[in-house]
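Chain nomenclature is as follows: A, B, C and D, assigned in order of appearance, with residue numbering initiated at 1 for each chain independently.
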């Protein structure tokens, strides 16, 4: 019976630089934080691959992208190194239906900014303070299994104003010890694709070992898995109805 | 007293190519359709300038853009010739607060696609058919003075599915003689800027002499006039509250 | 294995009056249009019950409502006879999670108006004209299996302006032969419950035998099936954090 | 010249009970908190009246309601005493265009619940803790003159989950000393009327003497002032287009 279930093809993309250059990060995520996420959300219905910046075509070849149902994106210090043609490829695929989960500092990635059309700016602070994520949509697929709130003892603060369009469904709003608030989990749609932005995740904290964080990411993957893929075209359409009284000049 | 009123600085940008190469268009809009719009919406509270593609920097120098409150955009056959650096300049200014009115085939302009993040695709047909625009938000500033609906006897059809984000407030929905429907007037916000997409406007029809069309455009200009301009920054923020128990390792 | 699948408990509520008093309707829907819908969407994963106005408690006893996952609602000439206490019971259950599919003239039902908070008014005309429903969200669960559009040869016209809140996700926009447009399929959420309003369905036409209409209703039932049920409370909450410097006067 | 300016007719409605029965409240708001608000937002363009629960028809006669452009509502312990017919009158007028500003515990008023269609439930705590309201829409009319945030040293906590529809434009998100967050300023539209919910305002704190709170309320009044009033009707509409092939049976 198990084979009858179509697995979700998940690709976890990581910039994968901090893990090589910063010893604290290396110790925390020796194989990269994408590997930690992959291990953390591993399940029978998911077929998970890893990809990173320094691979050819950033590991996001036409074959990989076209066979990915849901893409996860973590980037930070090297957003500028991601080639525009790869961003274009991913963008096109999202609009056709592929799900996209953007994590933490990915708010400033080319792909997220391209999809949002806004600056995606926010406040930030690295003080290892406490964050409490309030679950304001307990009936949403992404927050299943999460209580009223969950806490991260030490996080980077991301604070409002977060410059994104207002059509996102807010799943989590965060409270920070230092006094800020943040829309930390936001679900959106663009074209035929579903997007989820989830802010926890600084590389120097053990965020991607947290069971609530992993639960949310796993839920988001299932939620973002597309029902259909459909290309966007701009057809010169035949009229379903008879058009009367067309002036000859207009029949160009 | 009149001098006390701060005028709205409006720049009407037109690709201005069809008017030079197509005799029918030239006859209809001898000085360009931007000039027809300027004449049509002319009023005491508006300070209107014209700009077009073939001017240096497309007529959208830093000075022009930074002194424009509301920009109107009409383009069609030469979207690809608009330089990316000018698009970036306009985009930045919209996010800071400048209003933007995108007309007709401008749905495929670089600036609109950049702001939407989607393909902005739609169906189309040039058959000079009748269009009826239903005013579904009679209490919105943009539809003031417009009745329950108005008609255009001969238009290019633009039909659904229109691939834009769903946070637009729909002001008009069009009915077409040939059998299609279209969200023909949509109000959006991106960053601190307001946007209005308005679909009527094919260059071979006398759309920009229609009093209802001009009324809508004039209303949209006043609606999109910004209250503030504010740049987008991503500050490393000082906490309003005392943060306790910060582990030393996190004090990077 | 089949028993492991939890069936969706569906209750189809029909005013069930026209079928008894109007011979044309009686001929078309001899056992009531709720029975035609039940037959039309019948499937292994659905456990369907019928209920109607003239049963005790309108067939919507506490037991029935609390064991219903998705409720369908068709009413027209007797909205005023539906008891307020039953409306309150259904309303409470929707906010807790129960799905609700409101059909056709149900736009003026007490339950829909209560959930919307608006007048829910619209234009109408009984002329048996053609309606074409454009599917503007082909990636949504509700429009799966539906093409670019589908047609109903003879319908009652429902036209804009439809006075509902603007947070509905528009799935279908209708074109009418007589010249109107309508947001004919709209998906909403209230509390923890999902709602779908679907406008086709006049009792004198064979709408509920149409395969596309039935497909949409069946899809909507699966979409509206809740993940959770949760009551709404307004708790006096214990603070997660220590509160300092509370002035004694405020400790009431 | 001044006479040419049409003033906004504002009615501030207050339950006005706590001020009579609780000595601390009486001392803080000797003439009622509605009087404090009236004094605080007093300006040349506003024509302000007061109304309260114990007046005939709660001070909201047909004459008062039909001559009010923007109504402010504060209620708490006596929501149940507000007569349904008066709620219906106010509801109808809001849908026709009248603005409504709902303050603090008014979230549980009949009029707000009627307009929202949801439970409007939230968490609360009276501990006199600090609240910081983050201004997340600095370009909105309601937040003009307000900085990045403002603080209230002692407030009643209102915390998420706030059960309202998701189409509200969030203007403020609050941080609380005790660890909660709240959507404390939300702008909505219902029918042709604009609504603003603003959560600060517990009767035992000097909230309505705070200059930022008063500024926000004053801004909201101007924002909610309607452009038009329009009744909601459900007309049997004449078709703009010729309808062909109507089967005789359908011509009922």
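Keep this in mind: a residue touches a chain if its C-beta (ideal position, glycine included) is under 8 Å from a C-beta of that chain, and two chains touch if they have at least 3 such contacts.
Nothing here was measured: the structure is a model prediction, and the numbers come from that model.
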- Message: Taking each chain's centre as the mean of its CA atoms, which one is most distant from chain D?
- Response: A
- The pair out of A-B and B-D sharing more C-beta contacts is A-B
- Item | Gap in Å, rounded to a whole number, between the CA centres of chain D and chain A | 37
- Note on the structure: Separation of the C-alpha centres, chain A versus chain B, in whole Å, is 29
- Task: Between chain B and chain D, tell me the centre distance in angstrom, where each centre is the average of that chain's C-alpha atoms.
- Result: 32
- Message: Which positions in chain B are in touch with at least two other chains?
- Response: 132, 138, 159, 166, 176, 179-180, 240
- Message: Using the touch definition from the top, list the residues of chain B that touch chain A in their complex.
- Response: 24, 95, 108, 114-119, 121-129, 154, 157, 159, 163, 165-167, 176-180, 188-191, 204-205, 232-241, 243-244, 246-247, 249-252
- Contact footprint of chain A on chain C as seen in their complex: 1, 97, 132, 138-141, 144, 149, 151, 192-193, 226-228, 230, 240
- Item | chain A contact footprint on chain D (complex, rising order) | 132, 134-138, 148, 159-162, 166, 169-170, 173-176, 179-181, 183
